[in-house]
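One structure, pasted below without further comment.
Think of it as A, B, C and D in the order they're written, each chain with its own count starting at 1.
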Amino acid sequence: MDRTDFGRIVAFTDGVMAVAITLLVLNLEVPDVRADDLDDALRELDGSFLAYVLTFALVGRFWVIHHNLFETLERFDGQLMVLNLVFLMLIALMPFGMDLVDTYPDTSIAIATFAAILSLTSLTHWTMTTHALRSDFVDTQRVRDTRRFGSIVTLGVPAVFLASVPVAFVSPVAAELMWAATIVARGPLRRLVTRLSG
Amino acid sequence: MDRTDFGRIVAFTDGVMAVAITLLVLNLEVPDVRADDLDDALRELDGSFLAYVLTFALVGRFWVIHHNLFETLERFDGQLMVLNLVFLMLIALMPFGMDLVDTYPDTSIAIATFAAILSLTSLTHWTMTTHALRSDFVDTQRVRDTRRFGSIVTLGVPAVFLASVPVAFVSPVAAELMWAATIVARGPLRRLVTRLSG
Amino acid sequence: MDRTDFGRIVAFTDGVMAVAITLLVLNLEVPDVRADDLDDALRELDGSFLAYVLTFALVGRFWVIHHNLFETLERFDGQLMVLNLVFLMLIALMPFGMDLVDTYPDTSIAIATFAAILSLTSLTHWTMTTHALRSDFVDTQRVRDTRRFGSIVTLGVPAVFLASVPVAFVSPVAAELMWAATIVARGPLRRLVTRLSG
Amino acid sequence: MDRTDFGRIVAFTDGVMAVAITLLVLNLEVPDVRADDLDDALRELDGSFLAYVLTFALVGRFWVIHHNLFETLERFDGQLMVLNLVFLMLIALMPFGMDLVDTYPDTSIAIATFAAILSLTSLTHWTMTTHALRSDFVDTQRVRDTRRFGSIVTLGVPAVFLASVPVAFVSPVAAELMWAATIVARGPLRRLVTRLSG
């Protein structure tokens, strides 16, 4: 498996992520009401739109960090390929996760289940990063960057997702806000880490 | 995020747009009637076919202008990548938009909602163009072309989509004709702008 | 539009065709029966499997001829891009066409409708070929090959699809056999044309 | 067909496999129960999740072996392209196969049908491998590797899938364990073959 061509893995990964992120829209169902009531029915879709935007942003963020990791790699092995397939198996679950959260917005177990999927996805990516670092797959020019984010920021994100599992049982909304934070916090965190390690 | 590889962004973007444009067909449902009545039932699908052709052409046009912008870029930053993800989030809504317009062809709020989505998509693309120009991401050989279209034509299109929102409340058909005009008008407009600025 | 990058058009085209060909499977529905009756229910799916195989082969053939044309091109223009989008709009209809033929296997109008879609798709591809030849887009080394197939074989295929529209009203099965013939006949026809023009 | 560009075949193949593997998730349906019962309903989805993971891993494995074969190829012909389309036609059936197994987990004919699809897919890939070897399409540097796996391991896998067809009538679970074994056994088998032929 060590002789697998790099470009094709990336292309397959992008394909799966592009399909998964676009399938999210299938969860937005056009209301089946009388024309006069469409106005109200569309307003009631607000929660679904929010779930769509949040999940799209989460998958988009996963795509960005996967992208950032893989462009620093110079080689890889079968184990990284297996980890990447596990990562994709979790990414492909996102339309299910969004549907769950959208159908049961106030039910803790629904939110906790999606939180667990997000946590596993994030953890798998972190494992890929540390495996790549340990195996010296990362371009030496960039290893400092990758190590820095591999340790602090990247592990911080699965931790936040993991923490949101119990939080979902107290407040579903708070759990979702924690997910949103992982998207928004990327930029500021990176600047903070860069300054601290500068 | 500044070290993200360009080709992969384009590949991911093309993937999302290819999936979104192909999912449109799922809105064309094979009629569930007796074999004898299929003839009439297919004729009644005419409106749906029209909605399919119009939405396909709109997404196709967005793909062409995205393509035209990105091939002039030499660099990009995290902000452009975020704008691109927002653009894709709106593109991925197109199957929902077509379904809405196809299910409620004579309901103003349905047409206005799709008009709003188209307007936002177009505005996001315009923002990407101006951001790229301001940040000097555009190949200097081509900056004159891009600037010309960045200012006049490209802003004209979101303006037409935005104007179609109130128009939908007067006449849904008129709003749809305005959308169709943005597709057909591209060629002539480009020639006009080129002659005026020549 | 003349400055559009070639590779991206091909990638987008392949994306749409890959999605369309894979969506065909959604028409194969797992029977909803008692476990004891699954045996019989699966046997009754035979017709659907046949429709799947036939449509998959038809789209696969379209992909092959599109591929063969585009790899001889050295340049292209906006008109070819518009023709290509029309071609893709028809390709994306294939899951609908298969569903129609699968749901109404003995209804002439269903078969005739799919025949019309196939005919239009084939004709659009033929128009692309002749437009590319007339505009000198084809690599001079290969222009003889392309011209040969552009004139005789390629126009023969839309003619067969077009002829299958009226045939469908006499015998749906005969029309479907004509479609199948266009797939199988490719190799022998090519050899015949090569020998005649040799 | 001999002049078909290699990269585009691979891209189209990856596209179909990426879509097929991501469509698997559509078989995981969010339960339609009262919020209080969601906990139990999700627990009952365990079997579906297992079917998802197993099918995802099977398609992932097919992608890996396709990948491994194609990166050793230096040329190909029309016959290999046709075989590749047959392979893709079978891969695109995987969402149907998973749905079947997931809906009728204890019904032998359901398991046997999916086993037959897996067997055909595997056999088609083996035929591609031997055809490529016989036609001298494989890079001479790598022909020894490919021949080794082309003969022993690769034929072993369709044999296991084929054997699982009758096994499914005795024990559905045993058949599924045989499929899982083909995924896990890859690494150890490769090491064994390498040592024996070393």
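Note that in this section contacts are C-beta pairs under 8 Å (C-beta built on N, C-alpha and C of every residue); 3 or more make two chains touch, one makes a residue touch a chain.
Being a predicted model, the structure only gives us computed values, none of them experimental.
Colleague: When subunit C meets its copy subunit D, do both sides use mostly the same residue numbers (more than half shared) or mostly different ones?
Modeller: different
Colleague: Relative to subunit C, which chain has the most distant C-alpha mean position?
Modeller: Most distant chain from subunit C: A.
Colleague: What is the Cα-based rotation angle between copies subunit B and subunit C, on a 0 to 180° scale and rounded to a multiple of 5?
Modeller: About 90 degrees, rounded to the nearest 5.
Colleague: State, to the nearest whole Å, the distance from the C-alpha centre of subunit C to the C-alpha centre of subunit D.
Modeller: 26
Colleague: Taking each chain's centre as its mean C-alpha position, how far apart are subunit A and subunit C in Å?
Modeller: Computed from C-alpha means, the inter-chain centre distance equals 37 Å.
Colleague: Send over the residues of subunit C in touch with two or more other chains.
Modeller: Counting only residues that touch two or more other chains, subunit C contributes 11, 15, 18-19, 23, 26.
Colleague: Could you pull out which subunit C residues touch subunit B in their complex?
Modeller: For subunit C paired with subunit B, touching residues are 1, 3-5, 8-9, 11-12, 15-16, 18-20, 23, 26, 78, 81, 85, 88-89, 92-93, 95-96, 99-100, 103-104, 106-107, 109-110, 113.
Colleague: Which residues, counting only subunit C, touch subunit D once they are in their complex?
Modeller: Result: residues 10-11, 14-15, 17-19, 21-26, 28, 30, 32, 35, 38-39, 42, 52-53, 56-57, 60, 63-64, 67-68, 71-72, 142, 187 of subunit C touch subunit D.
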